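Note that the chains take the letters A, B and C in the order they are written out, and that residue 1 is the start of every chain.
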Amino acid sequence: MNLQAIPLYLLLVPLAGAAIVPLLNFFASRAVPLFSVLVGLVTAVIGFFLPGEIGAKTFSIEWLPGLLKTGFQLDTLSVVPALIATWIGFLTLIYSLGYMKHEENLSRYYSLTLLFIASMIGMSLADNFLTLFFFWEVMGVCSYALIGFFYKDPKAASAGVKAFLTTRIGDIGLLAAILTIYAFTGTFSISQGLAEGSKIALPFLNFIAFGFILGAVGKSAQLPLHVWLPDAMEAPTTISALIHAATMVNAGVYLLARVYPLLSLAPSWLVVIQWIGALTALLGSLLASFHNDLKRILAYSTISQLGYMVLAVGVGGVFASQFHLFSHAIFKALLFLCAGAVIHELKTRDIREMGGLWKFMPVTGTTFLIGALALMGLPVLNGFFSKDMILEEALLSGSWAPLVVASLAALLTAYYSLRTTAVVFWGKRRTSAHVKEAPAVMTGPLTVLALGSLVSWALVGPLTSSWIRTGLGAPQINWLELLKETFSSTAFLITVCVIVLGFLIFYYRRSLSWVKEKIPGFFKAVAVGLGFDIFYGWLSQQIYSTSGFLNSFFEERVMEGINKATGKGSVALSTSSRKMQTGDLHWNLLYIVIALIVILGLILW
Amino acid sequence: MNLWPFVFVLFALGIFCLLTRRNLIKILIGLELLSKGATLALIWSGILRNSLSYTQSLTVIAIAIEVMVVAVFLALVYAFHEKSSSLDTDDMKRLKG
Amino acid sequence: MVELLILQFLPLLGALIVLLLPREKKELAAVLALLTSLAELVLVFFLPEKLTVYLGLGLGVTMVLAFDQLTAIALITLSGASVFSILYSLRKPLGHERTPSFYSLILLVLFGTVGVSLARDLIQFYVFWETMLIPAWALVVNWNDDPQKVRYTGLKFFIITHIGAVLTLISILWIYSLLGTTNMFVLQGLLPGLPLSTLIAMAALFFMAFIVKLAIFPFHTWLPDAYTTSSMPVTLVLVGMMTAVGIYGFARFIPFFPREAVSQLSLPFLIASLVNMFYGGAMALQEKNVKRLIAYSSMSQMGYVLFGFATLVPLGISGSVFNIVNQAVTKLVLFTSVGLVAESASTWRIDELGGWAKRHPFAAVCASASMLSLLGAPPVLGFWPEFLTFSGGFSFGNYVVASLALVGSVLTAAYGLRLVRFVFFGPLRKENEGPVIRPSWNASLALAAGLLILIVFGIYPAPAFQLVRGALNLLGIPIGG
């Protein structure tokens, strides 16, 4: 096997799988799930060879002859999201065997999932902006199609539309940035563009930075374009785990990390990024603390954690953001899949109808707890190290205000992680449904992911070394050093305070219920997501009614009026001219005489 | 002596008849007057320019044409009279647009 | 040389033969028409690179038929669209209205449009332009779903497009009076000798036919009614063939006039295209009749096409040339798939539709794919022209205009998504419940071919792009390196 072609195979195998699934469905529809898992396995295996390729030269193909050559760029930054997509994708496919067993139209599901995995790989490994954008959009299409998978449900269909439209707003920002770089540098190649982009004048650099930020804000569900992610929970939970936790939503963060060299040349926008990240982190954790739909809580939590990653990029901690991306993908996928198991058994998403499930679903409960602790950032779990790194970077760069906001968010994160676990798995049982543990095909991936949450931070050694090897700046540390550094950093103190406080709030939450009575307005606002949806709904309504008005007044009256007026005008002209045809002989003779006189006059003068 | 006033008078009388008379025969007479006025103008300008033989030929042709006009006119009048038994122009409204 | 003459006159021959068939022989007429269009399509692929046929007609007027890459793109689109429309109109049993004259009119439209693409003399161009207009008008007026409005619609269609054509004729006659010839090859050398203001006025007048044909605001009023009230095969002819030839006209003549003259027209065209994008998009957004919605979306898309041309940079123009094929395929597939549903539901109103993906799964897939193509989302064909157009937009210097155009694309996404959402997704009404409907073989074949083109060339656009690049090179606008 030609080792140089490994990234190509990595891309092509799931792509081919996606194309074959509909055909296979025609002949042997029962084989589709297993086939998809097989494709996922092959992809995962190929993925093992990928880290060895980091830094290797690769080939390119001409996509648009004469205009565009595209190929693969293999550095740690690009390999990590690709591998996350591959491996977590594989685990999700195994999980889907159990979770989606009783659904129909499975070929559409598996085909789109495989296509999605291929596009995430394609996007992160792309060495030029056009390919990146191409796969970025394909991911958006897959997301739209999969959110609306249960298309008969109007909520799902509308959620898919909302997701596509909102990310589309971000996408045009990305496209504008890419095309502006192209206009100035004449190339779509990422490495060349970043190198030569530094020569672009500042006003245009600001525009480019804005474009990239807009793209990231849309795709990674940051303020103010975060509204699509909670609604996207109408998708099957496996999709929520894969797309809306582990992979697609990370694309925005990946983008910011990738173009950081350009962003750092537009410092005012870096501050904006910090604030977007911090505020989103706070907003997400706030909303997660007070909602009752299990998947929605996890969605808000994802928004919040993505905010941390964005904040990290904003303060210059690019490695920290990617490290947290890695950790978050693992534990959030874990949380979602556990949630999936619970929802699958209980047929409800409302946590007020759950409780005391630990006894019946021990594996799910334990793994969920591990995930929640990782989310909270409890020491020794992977979330702790990566989140701590982010806070440390913020401290070092002197961005105090965002740091405070982020810490507040961490506080709430600690609270809601514990709260959610408690309400779902501990305490009194509030449902009367017969509950049993999920099948092995579902608990298997859960266990793997839980293990990952416990130890993935140890990979920091190889990660940093390959990071440096491929020319991205970061300190080289291995896991021992990481342990030492983290526990001796200032950020560790913040983390400890936050966790302790969060735990206390959780423990005494019943006695704190008087807070709700004091400020009911605040809680009402939280219940509707602080009004963003309402605002966007109002905005769409305005656009509709303006278009309607434009049609009924302008198009139907003015434009058609012009047409009809032209017609009526011609008819009027004709009618008035007809009066000359009197049919009276004397009139005709008069015209002749007048003509005669006129001609005589013209001749004689 | 100057014949132009005579020409002018003939033209004026002819136009007056054309425009104000309702009876078709009277319109014919007006048309004739116009023709005669044109012929007179022709002759007088010929005299002024002193090319009598050329003028003579043109005048003969003019008279011949005038005769043809009268013939066609009378034929039309006759056909109209057959159809509607009147010679009044007010009855000829069928070309009204 | 003979091949070109065959290419030009085959549709005419087919039209005459079909016309002479007796009224009852509908299937025969349909099959003959289909074979003629197919033959036309196949013939295009077998012609060598460039061919010219030259006939002098005296007085400086010539008749020149020439075949190059741009013409090839147009011809493939035109004959492909006519195959598609005729295929769609086949039905067992053929409706009473599908008489032989119907098919002969379609072939006459093909004849006219092929003539427009092959013409290299201005008078010849104009003659064929009008030739395609008259059968199209006859089709719109006689094969119509709305008998009350048909006279008004047909009249509007004919008069407005004719006014555009007449303005172009004025420009042609002006050129002729100043330069003594209408041969395009000769004129390209002679035109730069004229004063700039004259050239600008000439060019502005000349493009009027195409502006009206592309339904650029404020000359767009013929389009919604013409598309909506005519019956489906006629709409497909209008969409596939008429718009293709309009875009072709721009592509052929923007490089024809000297650059200094055309660049003065660039800004007005840009503004007009922006108006089209937003106005058409807004109209489509609030429209309740699905057919009319797609018609307005066509108007909006033409805004993008004009935008690409108006940028006057190779990338932008290549995007619009690519759009000749893309717009035709996308629109044909979209109209057909939505049309199938509207037929089953017996209504075109969006608030009475919904959930039809259950009963028309293939149509749902095709509609989603073509909607994505409309939006310019990969991995379907529409991504590439949209990307190229916007590349051009950002390359020519005015970032405000380009950014506005990008914002317009969000509007496109809004109405496109809304269309698919409310026609195919959501719950199906009780009275529409039933088994999965298999569309008849002809509609399935046409849709499958369209879907295949959308996806295959969306993923691998190289062959199509090579053709576009060749066309642009020939026009003197080199792309890339």
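The working rule: contacts are C-beta pairs under 8 Å (C-beta built on N, C-alpha and C of every residue); 3 or more make two chains touch, one makes a residue touch a chain.
Quick caveat: nothing in here was measured; it's all calculated off a predicted structure.
**Q** Of the chains shown, whose Cα mean is nearest the mean of all protein Cα atoms?
**A** Nearest to the common C-alpha centre lies chain C.
**Q** Name the chain whose C-alpha centroid is most distant from the C-alpha centroid of chain B.
**A** Farthest by centroid: A.
**Q** Distance-wise, how many Å sit between the C-alpha centres of chain A and chain B, to the nearest whole number?
**A** The mean C-alpha positions of chain A and chain B differ by 97 Å.
**Q** Would you mind pulling out the distance in Å between where the CA atoms of chain A average out and where those of chain C do?
**A** Centre-to-centre distance between chain A and chain C: 36 Å.
**Q** Averaged over CA atoms, how far is the centre of chain B from the centre of chain C? Could you give it in whole Å?
**A** Whole-Å distance between the two chain centres: 65.
**Q** Where on chain C is chain A touching in the complex?
**A** Chain C reaches chain A through residues 155-156, 160, 218, 220-221, 279, 282-283, 285-287, 355, 357-358, 368, 372, 375, 377-379, 383-384, 387, 390-391, 393-395, 399, 402-403, 406-407, 409-410, 413-414, 417-418, 421, 424-428, 461-462, 465-466, 469, 479-481.
**Q** Under the stated contact criterion, what part of chain A meets chain B in this complex?
**A** Touch residues, chain A against chain B: 578, 580-586, 589-590, 593.
**Q** Within their complex, state which residues of chain B touch chain A.
**A** Checking each residue of chain B against chain A gives 15, 18-20, 27, 89-90, 92-97.
**Q** Which of the residues in chain A come into contact with chain C in the complex?
**A** Residues 62-68, 130, 133-135, 137-138, 140-141, 144-145, 148, 151-154, 157-158, 160-161, 164-165, 168-169, 172, 175-176, 179-180, 182-183, 207, 543-544, 546-548, 550-551, 555, 559-560, 562-563, 567 of chain A touch chain C in their complex.
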